[in-house]
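What follows are several structures.
Each of the next two complexes has chain A plus one more chain, namely chain B in the first and chain C in the second.
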Partner chain A sequence: MNRFAALDKTPQARGLRLTQTHVLLVIVAGLAFVPLVVTDSFTLHSIIMILFFAYMATSWNLVCGYVGQLSLGHAMFNGVGGYVSVLMFTQLGLSPWLGMLFGGLLAMVLAVLIGLPTFRLKGPYFTLTMIAFAEIVRIWVENTNDFAGIPLKGAEGLIVPNRGDDFWAFQFSGKVPYYYIILTFLALALAATAWMERSKLGFCLKAIRGDRDAAEALGVNPTRYTSIAFALSAFMTAIGGSFYAQFFRYINPERSMGLELSIDMAVMAIIGGQGTVLGPLLGAAILTPIAELARGAFGGGLLGLHLVVYGFALMACVLYFPKGAIDPLRKIFRKIAGGGAK
Partner chain B sequence: MSEEILRVEGLSKWFGGLQAVKDVSFSMHRGEILGLIGPNGAGKTTAFNMIAGFLKPSAGSVHFAGRDMTGRKPWDVCKAGVARTFQLSKPFGDMTVIDNLMVGGFARHTDRSRNRDRALEVADFLGLGPLVETEAQNLTAFDRRRLELARALCTEPELLLMDEVVAGATPSEAEEMVKLVRKVRDRGVSILIVEHVMKVIMSLSDRVIVFDHGELIAEGEPAAVVSRPEVLKAYFGENHDIPGA
Partner chain C sequence: MDAFILSYAVVNGLLQGAIYGGVALGLSLIFGVLRVVNFAHGSFLMLSLYISFWCWSLFGMDPYLSALITVPVMFALGYMVQSVVIAPLIRRESAMVVEPLSALLLTAGVFLVMDNMALMAFGPDVRALQGAYYIPTIFIGGIPISGQRLIGALAAFVVALGISYWLRHSDMGRAIRATAQNRDAASMSGINVPAVYAVTFGIGCSILGLFGALISPFLPISPSIGLAFGIKSFVVVVLGGLGSISGAIVGGIVIGVFEAVASQFVTATSASIGSLVLFILILVFRPQGIMGRA
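Moving on to the complex of A and B:
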């Protein structure tokens, strides 16, 4: 027995190190085949929404999950991304593919400007400040028809003019192209998280979450590293905002920068497992269908019922899986991986 | 031995109307273990925190290896080659021991595998080898202290500031900690140590400085300093009887 145990050690350790990357590749590869099987437009639409929320929760997780700061203002970056790419398209005729990069950059600048004075705040104070900033932006857009010649159109929202099937206009007649675009975004976001987790940035963020004073004593400048991560997260969230705008071809302040979206992102990441690579994806896969089903089953009769569902899911999660729904899966997987090495 | 690694001049700190540290000056040589002692409230930790960059001095200066570090931030102080431990150990609880140590390594190098190798080496050096994959929150109090010391060493310091290394430790643990600190010094690290436990200070320090009411009242060889009347007065009050005197 002992002989075997000694032999097992190396491959098992190596297997564990590669596990996460392998799981990631398998999931993405598996998802790539979905449109070949699912031809029903409504189902595909729903799966696109799951991937979209998985992407958004992953972007949120990049900073909040690792630093342990609860931001409920991330919808603001989603809104910035959507508005910038749509306005650049309608006003300047710039392709949304380029416009979304500008949206991302503006979101980054905004994140750093907001972050510098607020990162010192801890716990609920940070959360409240983020809500306040996001609401200020939303209310401002909602009540501004025209800002320095830019037609924001207030609460009415912006419509993306139809250009038919046009790649450069980021418009497609079917759902399948959107599916592959959001899948690519999600794969990149997951890869970025996996890379970050192993890099200096990831270690610094986890150290700040663990103990700020100790992190500082070990050469970590908390403001600097949180700002970098916050800017990255804002950029990714804004890109998601552009996708959302192109997918629905309509955005308004309520939907694309409202508090509800911020809550969606945070709750999905927390329930799935914040501070892990695959947790937010799992959270979105659990919660988006529940929300969709609740909406479908009760129609317009019980608006906001999915929020009640979120509440129960969150409570169950905090009670039974405080590290997120990913935690029990991880343990099972480790057992299988351990058994497989023998 | 004669090269100066730390020079503190005229260091003072006011908290409102209270002056916690009054015009303190001292210096340290490379490779030395300097003990900083004094009764409760003497300003030891305040001085310590000013050197480590956690408090800004109200007046005075701190030079490390000839460089002015006065009022620099903790992370800059760390990068300059000064590491510190905390009185209450502050592990990154949900990270493994090895990950805790690697944070220290990243202060100097961005190469992950290099930091990992070095962290493993330091873990072995301080007897944490078998625990590297354990989450820090599951460590015993003494192993946390060990972790704290190991993490500081991973930043490759030239000067190590240690705050109360054996507080709450059993006598045998205290003895082991003394051995570890000596081992660290033998690697060429100079050590400034704040400590309450006299036995530890006496056996570890090459030299001690004594604080009382924010002032530096005595300096010299451990055995000589603790028998000086001003030191005894600071510790035991005005009308003390020295046993055997």
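Moving on to the complex of A and C:
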């Protein structure tokens, strides 16, 4: 792109960002009214799962969508968040609200330690390395009953003891409080992504995505910026893991750090549109209902049906909508909102 | 550590490792030619294991004989996946190099579809061909060697040598190598590149058909076994050097012996963690693998 094209695009881009913020606010505000309309507990549970996956996909997107590195190991951070907050609660009696911060910090440290040597790996090599790291953590937890006095309980998983309706224990009798908590998390994650897009960090990440060597030649330190974003993404994913643990009051290595969760997060962000603020939310809104419907309609009868659909959707998306489902919507939106811009 | 037990572990590791190598051959071949990391690799193995199982349990067919079915079926399936799913991507990006991540995502989609269709059709239960086959255990220097594993290991060497010879001396093999070197130049020399790609993918998968039939008698079969073998194959191929045929066998043997010997000292779990650590170290410090060119 030449200099003039860049100059030409700036005002339009600014206008777009503004409208995107508006869309964001409208969506979040609209979602805040959902529990007033939906009183059925099962439906609300499904909507909470949509928001949860939207949050997870947004966290994944924060680094992977912007740097263009495909991580299929993010479930590891989810597991770290869940395990740390649950263990701190059961062993030390620490509130999960604080425990989740510790889980997030541990995930950040882990992310930096993993990211430093692996970020320069390209394409599939990075993906395979992330799978290997996540598998190491999962296999280790699955086969460790007791680590230095900490009862990890291996494949059996951890149960969060019931404390009734207790804010500090992160336990509520109805589903509505969980709904507002995950909605708040999602709103914060979307805001963080929107902020990052405009910040120096976001521009550096985009430069790195475009051409790592060129970005480095211009004085952008790729390792530093990708590490920051990766740590942020790991932190957010871990917070999501804590929420998941508190919501279901049960976690095990297979569900909370298995490859399936990593794939879910990545697939939702990719189908919705990676590297965009609203894409992961859209992806989760498209895909999670399929999983929830399959679960509701067939019980456990048709195990894996939703993943078959995810698989076909992923293939169709890569072939026909490489920019995600958000792209055609954006074009329509641009026509309505910014028709006069060009 | 008893020398006898250690040598037993080494011999068994060699056999198991050669089988790992044989299973990984197709992954390496496909990557070497198409530059596509086939995430669904293990799924093809899983499917051919099931075909062997059902042929045995429904028709009483000899598991080894079921290779006559699994090999062509896997070839056809691989050919189809390449020409229906991946070819449009390659056509679209013909001007550029295929973006490896898009191809990986496509095959991840294939993996999701295949593994979960198997889960829906067969359920999560573990199946086994119990007593389907009996090949006597032979003793070499007092060390017992499972006949079935020995046959699997020998097959890995035969297939690797056969593929190498075929790639070197047949017309199709030359076309495949030319395409691997330079797609556009090959195309300009009159090679039908899409056909070469589809045949390569088909062959890569048909090798899995053969090994599915060969290892089905001693393997517990479940829908998730594909992923376990898939990950193992990635480790093996990266270790040996992506795209190298001999590297796949060498990588397989290294992993097999490493795990067998390590599990004499630590738990089998730690041994499998160890092989993943080895995999990461190789990727970080020597991404071209043991046998790969720099």
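The definition used in the following text is that the second predicted complex is superposed on the first by the 315 of 342 C-alpha atoms of A that agree within 3 Å, B and C clash if a C-alpha of one lies under 4 Å from a C-alpha of the other, contacts with A are read in each partner's own complex, and residues count from 1 in each chain.
Operating definition for what follows: contacts are C-beta pairs under 8 Å (C-beta built on N, C-alpha and C of every residue); 3 or more make two chains touch, one makes a residue touch a chain.
Since the model is a prediction, treat every value here as computed from it, not as a measurement.
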Broader residue contact with chain A after superposition on the shared chain, chain B or chain C | C
Which of chain B and chain C A:Thr118 touches, first, second, both or neither = second
Once the structures are superposed on A, label A:Ile139 by its partner contacts, choosing first (chain B), second (chain C), both or neither.
-> second
Applying the touch criterion given at the start, work out whether A:Leu259 contacts chain B, chain C, both or neither, answering first, second, both or neither.
-> second
Regarding the shared-chain residue A:Val220, is it in contact with chain B (first), chain C (second), both, or neither?
-> first
Who does A:Val37 touch here: chain B (first), chain C (second), both, or neither?
-> neither
Residues of chain B that touch chain A when the two form their complex | 52, 54, 73-75, 78-79, 83-84, 86, 90-95, 99, 102-104, 106-108, 110, 112, 151-152, 154-155
In their complex, what parts of chain A are in touch with chain B?
-> 198-200, 203-204, 206-207, 209-211, 213-221
Partner chain C, residues of chain A touching it in the complex = 68, 70, 72, 117-118, 121-125, 127-129, 131-133, 135-136, 139-140, 143, 259, 263, 267, 270, 302-305, 307-308, 310-315, 318-319, 322
Chain A-touching residues of chain C, taken from the complex the two chains share = 37, 85, 88-89, 92, 99-102, 104-106, 108-117, 119-120, 123-124, 223, 227, 231, 234-235, 238, 267, 269, 272-273, 276-277, 279-280, 283-284, 287
